[in-house]
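Both complexes shown next keep chain A, but they swap its partner, so chain B is in the first and chain C is in the second.
Let's look at the complex of A and B:
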């Protein structure tokens, strides 16, 4: 028995190239369908897990999927916006707890999410290091952002301009990191969180500069008429909000017109949820969506595609099995002389059958182990890749 | 000792348009224990078949074959396999070493089949045999790295691994040059003598016959049953 195993192993080891091709073929044959199925299932679980704990999302009418993905994963480059007026109005209904989301800007590859402190309670996010943001211009960063950029409380992070070609655009804002969030294994780990008013400042809706009533601003004053003071371009705007200049920061216009990308609604019960949905059923500008249902619709398509892919792979596997069988049979034919020699020396038919079986067994065992290892590694990294894809 | 009496053997070839049949009868064939015997005769006279019958790889239609005091005619396939491993050492014309095993692994091949004895003992025995044929420096070489003469010496070592009482060699010098022919036959006779084995070797080469205790001609031993139909 052990002799046949040894000979089988030595044969495979000696014919490394041939064995390698066989093992690679069988590994792929086992790995591809298994990995496809597991990846789709894992992705579906990961996607729906976050969606299922987010009851309702209010946003601009348009792509439901885009609205959900941007609210859950902050991934959109130019998300559709709604006015803050919508937040004021929906909050006045008292039908739910509402959390504003303004996710449009980025800082060193991480999305900047303007929101309220309620968001952290809603997601169960805790501060691992430092403290919660308390002032305009402060932020808390996700665990992955902190690790990737090597930042911690007291450090600063600068918002990225939307386009480097827009020289008249909004200046980057230097934000102080108040704290680092404990890793949650979600998209929150890859985000920078600020107060929604800070995100409006990043957008240029609010700013801070020298008080034009002060004498030192004289050179920047273009004209004074009644209560209106017009400044020229020499007036320097602050690029960072500090305790010294925070009082100089102000917003122009009504904040009801300021933008949000979505509003998370957390109704206390199904009745309130239904009432809330009824309010936005026929709204031409706004839509209230169930994130879980939106992703279920998406996943339905994904699972349908997956089934076709697996069917294709199964057909391919059958062809591979046929080719591998042919290779084995041809190999046995070519080795008739070797088997004859073994027989003449004294090997029984059973021994020769065991030798062939051991070779097939080794090939399938190694292939199965490789396929399992590859599936494990793929599954491990695929979730990280999926996460980064969603937060891009 | 090898003793054959009243043996009849026939063989029907397969796989060709012309079905060929070979048959022979052997009234009596005896090789004394420890003797070295050369078996000569024209092609097709049954030399290789006779070796196959003695080794148990071919079965006789009737008659008695006794090898090393064992009547092998009634052995099952499994018993014949065990008999070959323990009692018969064989050397073939084309060496028939396994290309994927090293030299010492090829010598140990009968042990990989039978599993009799401990690996350490068998490995030492194989190394001693290789030393005896001047290949002690090449136990890890692959057969393809050896000359033909060296390969046949490895094949002789493989045949001698289990100290077989009977050593059968089927034209072992057929693929060798003159110098290697002499060396291999000397080696076979020497090994057989040292081990008190009965050596029966098929050869066409008359220059080698002087090295054997006796020479038997198949034309005097076997009578053809039939010719090609």
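Let's look at the complex of A and C:
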């Protein structure tokens, strides 16, 4: 028995090239359908898990999928915006808890998410190091951002200007990192979180400067008449919010006109959810979507495509099995002399059968182990692969 | 084929078993379900006083905290520790009416804020005379709001205390009866204070008064005081321009009393006295007083005004 296994193993080792091709073919034949199915299922589970715990999303009318993906994964470069007025109005209904999201800017490759402290409670995000953001201009960063950039509490991070050539556009804001979030294995690990008003300051809707009513502002004052002071272009605006200059920061205009990219609504029960949905059913500017349903629609398409892919792979696998069978049969034909010699020196038919079976068995065993290893690795990185697709 | 199928099934099952953990969320919640009283932070001393009196002797009442604030709470910028205190509070009771500009500067859970002025919005007095400025394409704008020393009018203080009572009941429903009993006692004391102040200011009988700082709007409005305000600080010597501005006011508003937030500098008081104006402090008690409490300080304020009116000849300034 062990002699047949030894001879089978030595045969494969001796014919490395042939054995390698066989093992590679069978490995791929096993790996591809399994990995495809598991990757899709894992991705679907991850997508729907985040969507399912996000009951409702209110945003600008347009692509539902864009709205959901940007709210859940903060991926859009120029997301559609709604006015903060919508937040004020929906909040006044008292039908749910509402969380504003303003996700338009980036910092060193990470999306800056302007929101409220409710977001952290809602997502179950805890501070691993440092503390929660306090003053405007402070931020908390996701675990992956901290690891990637080597940043921690007390360090600073600068928002990216939207366009290099737009001198009247968005200026960078230097933000102090108050804390680092504990890894949650979600898109939150890759984001920089600020108060929604900080993101409005990044957008230029609020700023800080010397008090123009004070004498120190002298050179920056163009004119004073009655109770109106007009500043000239030399008025320097602060690029960083510090405890010393924070009281000089203010917003221009009504904050009800300021932008949000979406609002997460967390109704206490189905009745309130239904009432809320009814309010926005016919709204021409806003839409209230069920993220789970939107992603289910997407996943239906993905699963349909997946089934075609797996069908194709199954047909390919059948062809591979046929070719491998042929290879083994031809190999037996070519090795007739070898088997005859074994028979002449006393090997039984069972022994020879065991030898052939061990060769086939070793090939399949090694292939199966390799396919399992590859599938495990693929599955381990499934979330990263999914994230990279979503943030494209 | 049988071997192949068996192997395939086993491998898939093996992988599914190995990689099946859910990495989506971390649900470990560090906040243990410890049973303890709620935490309420008051944004100024009068609110702290009202809340403390309403919660007095109620075992289930929230812990009422007033942060250590240097100076006027309306100009407070919380430091990191104070922000953490505010963020950890189950409720932050606010005066409203623009008395908490720091709210625009910090991240705080909006659902835990209680604006005690919501029910008295129509009785708030808008501020006047703020400086507008213009830079960039946005046009002119100014930073203005309402007068916020609402607690100087005991009737408004009662309305705010009712809002505090409702909030405490919401946080500790089992203490409702005791909260309401305490509120009734507090209301009685505030009504008495109101009567006392009304009687004191009635003695002015429409004669003109100066306020050293524009913080007495509610006092003036509620008691019908014929007052005008300058913008002086008790611990600073007024500038020449400030004296001239005051003289311009007294030319048409011949006040003989100036009501101050605190004792003015001796030199200032003397110069005013030379001009026929007697200085008298009326503490706004926005921050924790060195001695006594809100009611003591307000009663002392009333007594000082009354004593002054008893001895001062209310004549026009020289």
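Please note the rule applied: the second predicted complex is superposed on the first by the 384 of 392 C-alpha atoms of A that agree within 3 Å, B and C clash if a C-alpha of one lies under 4 Å from a C-alpha of the other, contacts with A are read in each partner's own complex, and residues count from 1 in each chain.
Going forward, a residue touches a chain if its C-beta (ideal position, glycine included) is under 8 Å from a C-beta of that chain, and two chains touch if they have at least 3 such contacts.
Only a predicted model underlies this, so the values are computations on that prediction, with no experimental measurement involved.
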Chain B versus chain C as contact partner of A:15, first or second or both or neither: first
Touched partner set for A:6, first chain B, second chain C, both or neither: first
Chain B versus chain C as contact partner of A:126, first or second or both or neither: second
Partner chain in contact with A:344 - chain B first, chain C second, else both or neither: first
Touch count on chain A, higher of chain B and chain C: C
Contacts of A:174 with chain B and chain C, given as first, second, both or neither: neither
Chain A residues within the chain C interface of the complex: 26, 30, 34, 38, 42, 45-46, 49-50, 53, 97, 116-118, 121, 123-124, 126, 131-136, 138, 182-186, 195, 197, 209, 212-213, 227-232, 235, 243, 246-247, 249-253, 321, 360-361, 364-365, 367-368, 371-372, 375-376, 379-380, 383
Footprint of chain A on chain C - complex, ascending: 1, 3-4, 7-8, 10-12, 14-16, 18-19, 22-30, 77-80, 83-84, 87, 101, 104-111, 129-136, 138, 140-143
Of chain A, residues touching chain B in the complex: 1-4, 6-7, 10-11, 13-15, 337-338, 341-349, 351
Residues of chain B touching chain A in the complex: 55, 57, 77-78, 81-85, 88, 90, 92, 96, 98-101, 105, 109-115, 158
